[in-house]
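The same subunit A turns up in both complexes below, where it pairs with subunit B and then with subunit C.
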Partner chain A sequence: MRRAHWLAAVAAVVLSLLVPLVVQTDYKLQVLFRIYLFASLGLAWNLVGGYAGQLSLGHAAYFGAGAYGLALFSGTLGMSPWLAVLAGVAGAMACALLIGGVSFRLRGPYFALSTIAFAEILRLTAKNLPGLTGGDVGVPVPALFHGNINRSFYWAAVALAALSFALTVVISRAKFGYYLMAIREDEDTALSVGIGAARNKLAALLISAALTALAGALYASIFLFIVPDQVLALDVSNEIAIVAMLGGAGTVLGPIVGSVVLETASEIFKNTFKEAHQLIFGVLLVFVVLFLPGGIVGTIAGLLRRSDIPGEGA
Partner chain B sequence: MDVYAALQAVINGLLTGALYALIGMGLALIFGVMRIVNFAHGAFMMLGMYVTYVLFTRTGISPYALFIVTGTILFAFGYVVYFALMRPIHGQSDFMQILLTLGVGLICTDAVQLIFGADYHQINIPLQDTNFRIGPNISVNAPWVVSFGIACVLALALYLFVMRTMTGRAARAIAQNRYAAPLMGINVFRVQAISFAVGSAAAGIAGALLLPVFYLYPGVGDQFTLKAFVMVVLGGMESIVGAALAGLVLGVVENLTSLYWGNEWALAVDFAIFVLVLSLKPSGIFGRQTV
Partner chain C sequence: MALLEIDRVSKRFGGLQAVSDVRFSIDERTITFIVGPNGAGKTTLFNLITGAVHPDEGHIRFDGADITHISPNRAAHIGIGRTFQIVKPLGGLTVLENVMLGAFMHTSSPSKAADAAREILNYLQMEKAMHVTARGLPLAMLKRLEIARALAIKPKLILLDEVVAGLPTAEALRLAELLQKLPARGVAAVGGVEHVMRVVMSIADRVMVLDHGAQIAIGKPEEVVRMPVVIEAYLGTKYKELGL
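Let's look at the complex of A and B:
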């Protein structure tokens, strides 16, 4: 990134932080919160799914670990809320260590399937241990902010998105990022030139899980109450992956664009389709795979550079 | 825990397992011939249930006859989906193919929800009041026996289709080597389309047979997609015989889990088996024959 890019990024963050001066209705701030939250989630997923090319369809595991971490560490163990957030992040990273340790030995469809299986095991365990997690009845989550909560949560989501974005930029330009992309393009060749595929994939997953857990904690705290089918559901995993794919996997800007488009579309169609609002997810997913395999950003960047390598843009 | 309860669970498991087997065989056939993990498989089963439900409520004909119509409709549906969506992304990465079928599944599920609403439905047929007793302590509900019989016949038919027909041979050839197969004069796209359609029909028929003994709602297919994955991994990913055996095993394991630990753990045990098999013996526990 050149200096102009950094300036643009800083300006975008500052402008985002100033938005509550103009937008003050709770509903609009909540929608914006969701857009920035899913931008962070998409960016986090992008490290594993985009740069390392490992299709994780189980990111709900880390999201849920962050959410339940906050609820349980503060509720059951009596930690202060922000400390509990950190404990939840540590919990999510521990999950990532276990899941990655097993799943990264598998490739292609096997990997995707095993990530789903782990997330589902967590969801079912959370459902079936009411003594520990509250089960299907749910568990209360402490408030991370007081006073004007919609504005505070919005700012927190912007900060998290900025952090995720900065990390993505740094990683995509570091040796580590190139290792990940080499693994994505051809794992065997990467191994043959001395890139520790397992280690690098696991490192990417740990960072991704930590960011996802932070988002999960924010999400849980704005609702003040969570159940397993809400924060550990397959739908969450799917939505995270769709945000990144729609915008452009393996690009720094893709997940942000994807979140703006998907969450806006989802908000518009929620009223039209009621409970069937995932219809739009399905339609967008099929559309992207068939017509925009590089995602929105990847395709535009490809056109600008007249390059045919998907995911090289931004 | 007495022995009759365990025996009852095993019998129930085999009866459920036969329907699982049909779903798993369909997925294994599609995976073997196309190398696509069909994330819409459970949604196709759900479509089969709704098609049968609509036909049943309109005509009153028993689902045990209607499954033929359902199978035909799902066959045509699968054929169209293949040429409209799968064929254009032929040769792209697993990544894209998985996302495409995931999207197709979401569209099917939510389109059904839009049309029929999210309510649960159940149908009533006279057969549900009949129970067969084996000895004093074991009884079996008649619809399960009928669906078990039909599922076994169809599983055998599917096996013969793959082993004995020209199209089945071509499908196995593609599964063995998809680059050599076209050189032998096999029309890969036609055979893949038929395999995809047959796999979809198998899922749809399983849905029709499940209708009298199960609840019906738009998301019903989701858990079956996941169960089908478990079966296919357990059975060796591309072996339809392996998937069929895995279906029976899964049915029995689920019922025993329900008996001893409670129903709510059954699905979790499925996934635990799945993760164990994937990490310890990724080629599956039922050997490695192709399709």
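Let's look at the complex of A and C:
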């Protein structure tokens, strides 16, 4: 990334951090929190689903692991909340190791289906172990911040989005990022040039799961109370994937654009259409897959490239 | 010592004996062509050498080590490069990036990988297409891209599966000229072709003929085409018409 790009990114982060000086209503800060949170989630998903091309529809597993990790390690085991967040991240990475170890043996739609299955197994297990997780009644989550919590959570989401973005930029420009793209484009070709496809996919999933778990912990803590159907639900998996795909899977900026568009639209539609906004999500996804396979950012970049003189690569 | 030794290798898929008791060896810096029609077992042989499938019987040795049960990405690391009969470009990436992915086997630096890739693209006379997305290339360029990517891992042996198939004669001849320089770059090549073509005759050190998975002849090209077994059992009258 050229220096101008880094400067723009740093400026965006600083401006984002300053927003609470202007925006002070709790509702608006909560909407902004959600936009940055889903930008982080989309960026995390993008490493596996975009760069490595492995369509995960079960990221709720890692999101839920982060959420329940914070609740259980802190509530049940009495760890300090921030330590419990890290324990939840470790738990999510352990899930990723297991899920990736099994699912990455499958290709294409079979991989996607197996990720859904694993997330559903976790959700149903959580529902049916009331002694451990509180089952459908739920479990309280400790507060990570005190005082002006909406502002604090907003800043935390901005920080997480910035971390996810920086990691994405570094990875996409490194050998590891090229390896992931090679695996996406053709796994046999990747193997033929010595790329350990299994190892690299798993590495991407571990990073993705860790970031997703951090977001899950933040989300759980702002609600103070979680149930399996909320943090381990298929809806969560879908929303994460849609954010990245709408904005542009396999692009650095895509998930951020996707989150801004989708979460803003979602807030508007939620009030106007109530539950029907889920239908709009579905139609939107079909539209993107059929007509904008590169997402918003991918499509615009493609148009710019066509009208541009080919630049110096790498 | 031979670079590659195929020792009584057989492979069966269900009821099909794809490769049957094949034995031959390849020396360093030589060009060998395996001749046989579609289904003769050439691609299976290449898949056996690169570890995509493993033999039922026999052994494969490369550079002194037994590689009978190697995995495809390990095969690349010990110096076996390959191209695919049905071209498999990394379609969404540029030509340069495709070749860089091979070069990454020896460096972690994208700029060094790009330098190595540029050198190979120059050798294959593809420098003008460097920034084109691979998906948009014509077949002749895709065939070259397969070779460029495989060469970028700096192999000792490169397996070229049907690398001239489907190309117009003029392009096939141009490509042959480039392939002829491989031994000078320290690379041994094994190519698979459907027919004994002029292109093959002019650049091959040796030719091996496969018929229904069995090896029926091996030797210098001019010897092989005179062998009665080859003419009768395989080449038939078509070869005589060509007047080679």
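Following the convention adopted for this analysis, the second predicted complex is superposed on the first by the 306 of 314 C-alpha atoms of A that agree within 3 Å, B and C clash if a C-alpha of one lies under 4 Å from a C-alpha of the other, contacts with A are read in each partner's own complex, and residues count from 1 in each chain.
Operating definition for what follows: a residue touches a chain if its C-beta (ideal position, glycine included) is under 8 Å from a C-beta of that chain, and two chains touch if they have at least 3 such contacts.
Keep in mind that this is a model prediction, so the values were computed, not measured.
Engineer: If you tally the residues of subunit A touched by each partner, is the higher count for subunit B or for subunit C?
Structural biologist: It is B that touches the greater number of subunit A residues.
Engineer: In the overlaid three-chain picture, which partner chain does A:173 touch, first (subunit B) or second (subunit C), both, or neither?
Structural biologist: A:173: touches subunit C, not subunit B.
Engineer: Name the contact category of A:181: first (subunit B only), second (subunit C only), both, or neither.
Structural biologist: second
Engineer: Using the superposition on chain A described above, determine whether A:7 touches subunit B (first), subunit C (second), both, or neither.
Structural biologist: Neither partner.
Engineer: Thinking of the overlay built on chain A, is A:194 touched by subunit B (first), by subunit C (second), by both, or by neither?
Structural biologist: second
Engineer: Taking the touch rule as given, give the residues of subunit B at its contact with subunit A in the complex, in rising order.
Structural biologist: Answer in residue numbers: 31, 37, 85, 88-89, 92, 94-96, 98-100, 102-111, 113-114, 118, 222, 226, 229-230, 233, 262, 264-265, 267-268, 271-272, 274-275, 278-279, 282.
Engineer: Contact residues on subunit C for subunit A in the complex?
Structural biologist: Subunit C residues touching subunit A: 50, 52, 71-74, 76-77, 81-82, 84, 88-94, 96-97, 100-102, 104-105, 108-111, 113-114, 130-132, 149-150, 152-153.
Engineer: Inside the complex, what are the residues of subunit A that reach subunit C?
Structural biologist: Spelled out, the residues of subunit A in touch with subunit C are 173-175, 178-179, 181-182, 184-186, 188-197, 250, 310-311, 313-314.
Engineer: Provide the residue numbers of subunit A that touch subunit B in the complex, in ascending order.
Structural biologist: 53, 55, 57, 102, 105-106, 108-110, 112-114, 116-118, 120-121, 124-125, 127-128, 234, 238, 241, 245, 273, 275-279, 281-286, 288-290, 293
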